[in-house]
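Two complexes, one shared chain (subunit A), two partners (subunit B, subunit C).
Now for the complex of A and B:
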């Protein structure tokens, strides 16, 4: 079923992979750098070069994004960097062999070089004591140097001069030919097919190799499939992003997606989306100036997405985490004030409907000013109301009176109930000493859920009093409390009944 | 326009002519290469021992925006400005990697990858928009211009001409690195190989780490113009790993850097002379070739010494006493 559903997507991709062959000026050569004009040219897709750049960015985003998901999950980020540098001699040799910028020759050369680099890393690791990072660094810089030597020779040759071979270092999406785009399309489709067909195998080998082996998944085979696919993705993206920065397209979109989701499927989807968006923005950015390299702009676009997710991601974002934490602190502080108000009422045998700020301060062991601020917070949150607010005098003194609203009363009862149930549980069931349970209950009272409280009640057989002899507010107290009016004159007088 | 990739090899023109006809410039290029390899190799031994090879790669890439922005503001090869820019970029790299790795669930390897590609991209954008082939070529960033060193302005100290400025600076940096290693030898040794022991002995582990990073950044900045950001990494790793196939003790590893540096520099220069290609690239190719030789023939863990088929040739008495049990 899954395969069937993806067929239309493939058809669509194949359709886009072979755009009409229209000859047009290379956008990179345009000297006119008027923003509006260039933006219009880019958005209208009038030039074939623009169409190639756009399509190429989309395919590259999909291919690199999908493989990047596994690169990040398997912690292969620095391996991806090595791979992308190691393909350079292959690019140069492919160029030398075909004596032109022939995409197929370059593709073959680069793939062979990339796989050879991978093999050399594995071989060094296997036969020597050289550590992994050094092995990667050796292959990265050694292969790269060979590539640089061949490139500098090619640049002196007749065919190498105006060929744009130097565009492979930093990328130039405008120089993409329709053959390049077709190759990228094939890789993107291959990546999609691989992800759909080997979904389960890739998932299990990425996260638990031992388990995968034990259930008979061909771990080695899957790793090689992934490696070859990764090499293809890097090689086809070279023209657009360049050798040096290709690894960013593998890492950054996937890392961004990793900040936003916990599911591999969603991660891959988001990663491909960010890859496509980064690629498009990058080629647009480089299009605005004359002969600007594309790669750096794509990398910067991807990194901006990462930065946004890093700070504002709903679940793991720094700002979101900070907001949640602040809310939590505020909530605990409110609940503590309500609890203090309840305890003041309780100390007066519930003879009164309201508490003074001074009593609250004494109970919380803070200054009157502090208690006053807490009381204001409670009023603002709708859990209490100030009495005699017409008279500004006592409002700012310790005699200002405060009364809990029904919602406040309910929450206060719940907190006190949580606290006392927990103390009772610790003394009766866990056999703590009665004088050691308060600290723990202070913390847990704010987080006990409804279900746990019901369970505690069952275990403790619906207790009436806590280990210190205080009455545990019952469910009826809470419910009847919700009928309380904020106006003390019309209060039900529930407390006096007991 | 040349036609063939490999020109005909004429030992006279490759090895003898450059020394006879243009001795001064040849000597200066070779000396510069030697200083670069020496400085990088000495620091690189500790980088490799601490498994920081790829952090070195990341730092060398991410210094670029600092250097480029310093260029934009001073519009000259002003070394203090470049150093300040590079130092800021270096600190920024470390801080950003730590921030991403500590404050989110992104793994350290991905954090390194994100930070250095981003900073490098910023550098390339700055160069291609504001510098635009005037002071600093974007490609030069990648493989250096060591061949142009003899053409640079001279460094004149109290009347005496001490050769081109980059060579004087690189030599000073190499000397500084060597002095630092001699002075802090014990601390570097212990912190690199056993951080736990170093801590228990009360050695300043973190300070040493940052000190080493600063020395690394300084070396990279000085070497960057000559060999480019990627090949600097080769100079850091290759000497240490290659000597590691012959010796195991740190003093030997450090002393081994000097002859290797000379070999890289001379070999690279003459290879480039023959093929007429990038000298820095050829130096690293030489380094790679010497690494392969060491990998095959090195007495400490070389392929041939390890192979069982040929093992009897090199079997020492120690190996005879305790034969390896093959499971």
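Now for the complex of A and C:
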């Protein structure tokens, strides 16, 4: 960043040295070092070049985003990459032909080269044994190499030096002319029209081409529309993003949207939004950095969106998945502690209202410290409370006493019930041996829902004891609460109240 | 002819890269037939279906659907492709897929109507998939995915149905449901041509058989075509299962007397 800050200072010095240049100042020639003021300059859209860059980014985001949605859904990413590299010789030839940066000449040259590239891919695939991925790689590198060669020749020519032809490699949004921007606008409107007019045809050909053909959709025509539109989107974006990275603008926003939704319509909308946002952020970044190449900035912005969706997406995001898993692990641990407390109470015929941490540790087969930590977790979750909290001494020994709250008692009863019902189901219905069922029940007890429990009860005819002879806690036991019983005989057993 | 047959194939030859897959196939399928297409792997069963639908171009011969070329009979043909032929991660819902069955009726560049939605919803109901209509298609079991494809074909409201391995990789419940559906369609006068991979159940499920191995070995009623001789000709002793099934076909009358019609 330090380097970035020194560049404006240097430019400023040049400006003071050559006052005449100030009148010719273009947007990129940064005149002050204050980032806030620069931001204001960018946002106020005062300069024509900024306006062009912003408008261009919006159009490009919409165009590339919409076409990109189909590129990703149809698995054409590699094709998009090839197409974007194959246009380079056309750009160079268009430049040579017009001897200037004439947008129309370059547009025509690039379109012809792009379509020629896709034709060569199809030709190689049809006539030889070479598979599609190799054919794509072949055309990508071959065409690109030709383009670079012609470009080098141009730069050595007398008109080539100030041409700005090099901008096509890495992109320069600030160098967009209003003609460039209107071409981009045409592509964006075309993309919008294509999506609305051919919505269902595009959907069915992308999903199931054979079926599309069988219901009479003109599959070839739709593919042709998509291909030509895609070529136009790539060619018009070249100025802003550059040949090298333009395919990222097709792939990255759409791939980000693909992580976030399961519907094509939403995917296209999000993809266009990410495209626009990435384009704007990129041109802003490039503007702040004194007209550094725009392409890398835009791709960086889009890639950051992807990274955020990848890690934090609500459904498929890694962090969200991790959080969900952690919650589950925590829940299982809490439930196991409650179950242990229940079992300790049960072993004492429910005569007492509370259990000691020492007894809990013995039941859980862990250290007193570990049991103590688990007990604290229960307390924090509101499932239990510590008794005798006035006295700090015993709180930290194994004699500290833990009492389940009504919520804790209810959950403990449910878990024990689930466990014992499942064991009974496995032995009676699935014919497992009684000593084989515990491990399975240990896992199942945490995930059995009330619906399945009701079903199990029906199958097992409202049982009262599990295969090992322990009483299955009933609804009445839950309502009774822990240790509130005047009769410490035992739990009353499941469904005895009926 | 007042009522041209649902399907007429004349001297059809298809090849991939100059390697013939189907050779000189002639067949006429009558209205209301429930036909099973069987044959060994690579016999050209799927190719036959795809050629009928105009997805694959033949090298010779022709196909007529209700006396017309396929392009003119589009709305009269329903199609169930192989389940593996599509990407099930594709961002569409069950309802979206079934609605595709209405595209042929809606017409080019037209939106689907409320009526189309209602029909699609009814078709989902018929295959017991209505509760899943909003679900992304990847979150379904194999059998459920197959039922979505069937619902889409039903939504086409066609007279001739072509199905490519609808029983492949489905659970027993779905298999029963599909058989019932096929029977029901036949009762309503539809014509069904179903590619099938399992010889033993083919006898139970279909009324007619089309035995295919590059050439059309035989086509006709089950009793006439499910014979050891013709099965041997079709499979050429390449499959070990064949001898069992052929044996069963030979001893069929005994089997039925013993009260075990299922093979």
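List of remarks:
Definition applied: the second predicted complex is superposed on the first by the 407 of 498 C-alpha atoms of A that agree within 3 Å, B and C clash if a C-alpha of one lies under 4 Å from a C-alpha of the other, contacts with A are read in each partner's own complex, and residues count from 1 in each chain.
Methods note: contacts are C-beta pairs under 8 Å (C-beta built on N, C-alpha and C of every residue); 3 or more make two chains touch, one makes a residue touch a chain.
Small disclaimer: the values here were computed from a predicted structure and weren't measured.
With both structures placed on the common chain, the touch criterion links A:264 to subunit C but leaves subunit B unconnected. Once the two complexes are overlaid on the shared chain, A:281 sits clear of subunit B and of subunit C alike. By the touch criterion defined above, A:96 reaches subunit B but does not reach subunit C. Using the contact criterion defined above for the overlaid structures, shared-chain residue A:173 touches neither subunit B nor subunit C, since it reaches no partner. In the superposition on chain A, A:208 makes contact with subunit C only, not with subunit B. Considering which of subunit B and subunit C touches more of subunit A, the answer is B. When the two complexes are overlaid on their common chain A, residue A:197 makes contact with subunit C while staying clear of subunit B.
Of the two partner chains, subunit B is the only one that A:137 touches; subunit C does not reach it. When the two structures are aligned on the shared chain, A:150 is found in touch with subunit B, with no touch to subunit C. Contacts of A:245 after superposition on the shared chain: subunit B is touched, whereas subunit C is not. Overlaid on A, the two complexes show subunit B and subunit C touching the same residues of subunit A, namely 75, 258. Of all residues in subunit C, those touching subunit A in their complex are 50, 53-55, 71, 74-75, 77, 79, 81, 85-87, 90-93, 96-97, 99-101, 103-104, 106, 108-109, 111-112, 136, 138, 152, 156. Put simply, subunit A touches subunit C in their complex at residues 73, 75, 197-201, 203-204, 206-208, 210-218, 258, 261-264, 266-267.
Residues 1-3, 5, 48, 51-54, 56-57, 61, 100, 103-107, 109-110, 112-114, 117-118, 120-122, 124-125, 128-129, 138-139, 142-143, 230-231, 233-234, 236-238, 240-241, 244-245, 272, 275-278, 280-285, 287-288, 291, 295, 301, 303, 306 of subunit B are the ones touching subunit A in the complex. Residues of subunit A that touch subunit B in their complex: 72, 75-78, 80-81, 85, 96, 124, 127-131, 133-134, 136-138, 140-142, 144-153, 156-158, 166, 169-170, 244-245, 247-248, 251-252, 254-255, 258-259, 289, 292-293, 295-297, 299-300, 303, 306, 310, 316, 318.
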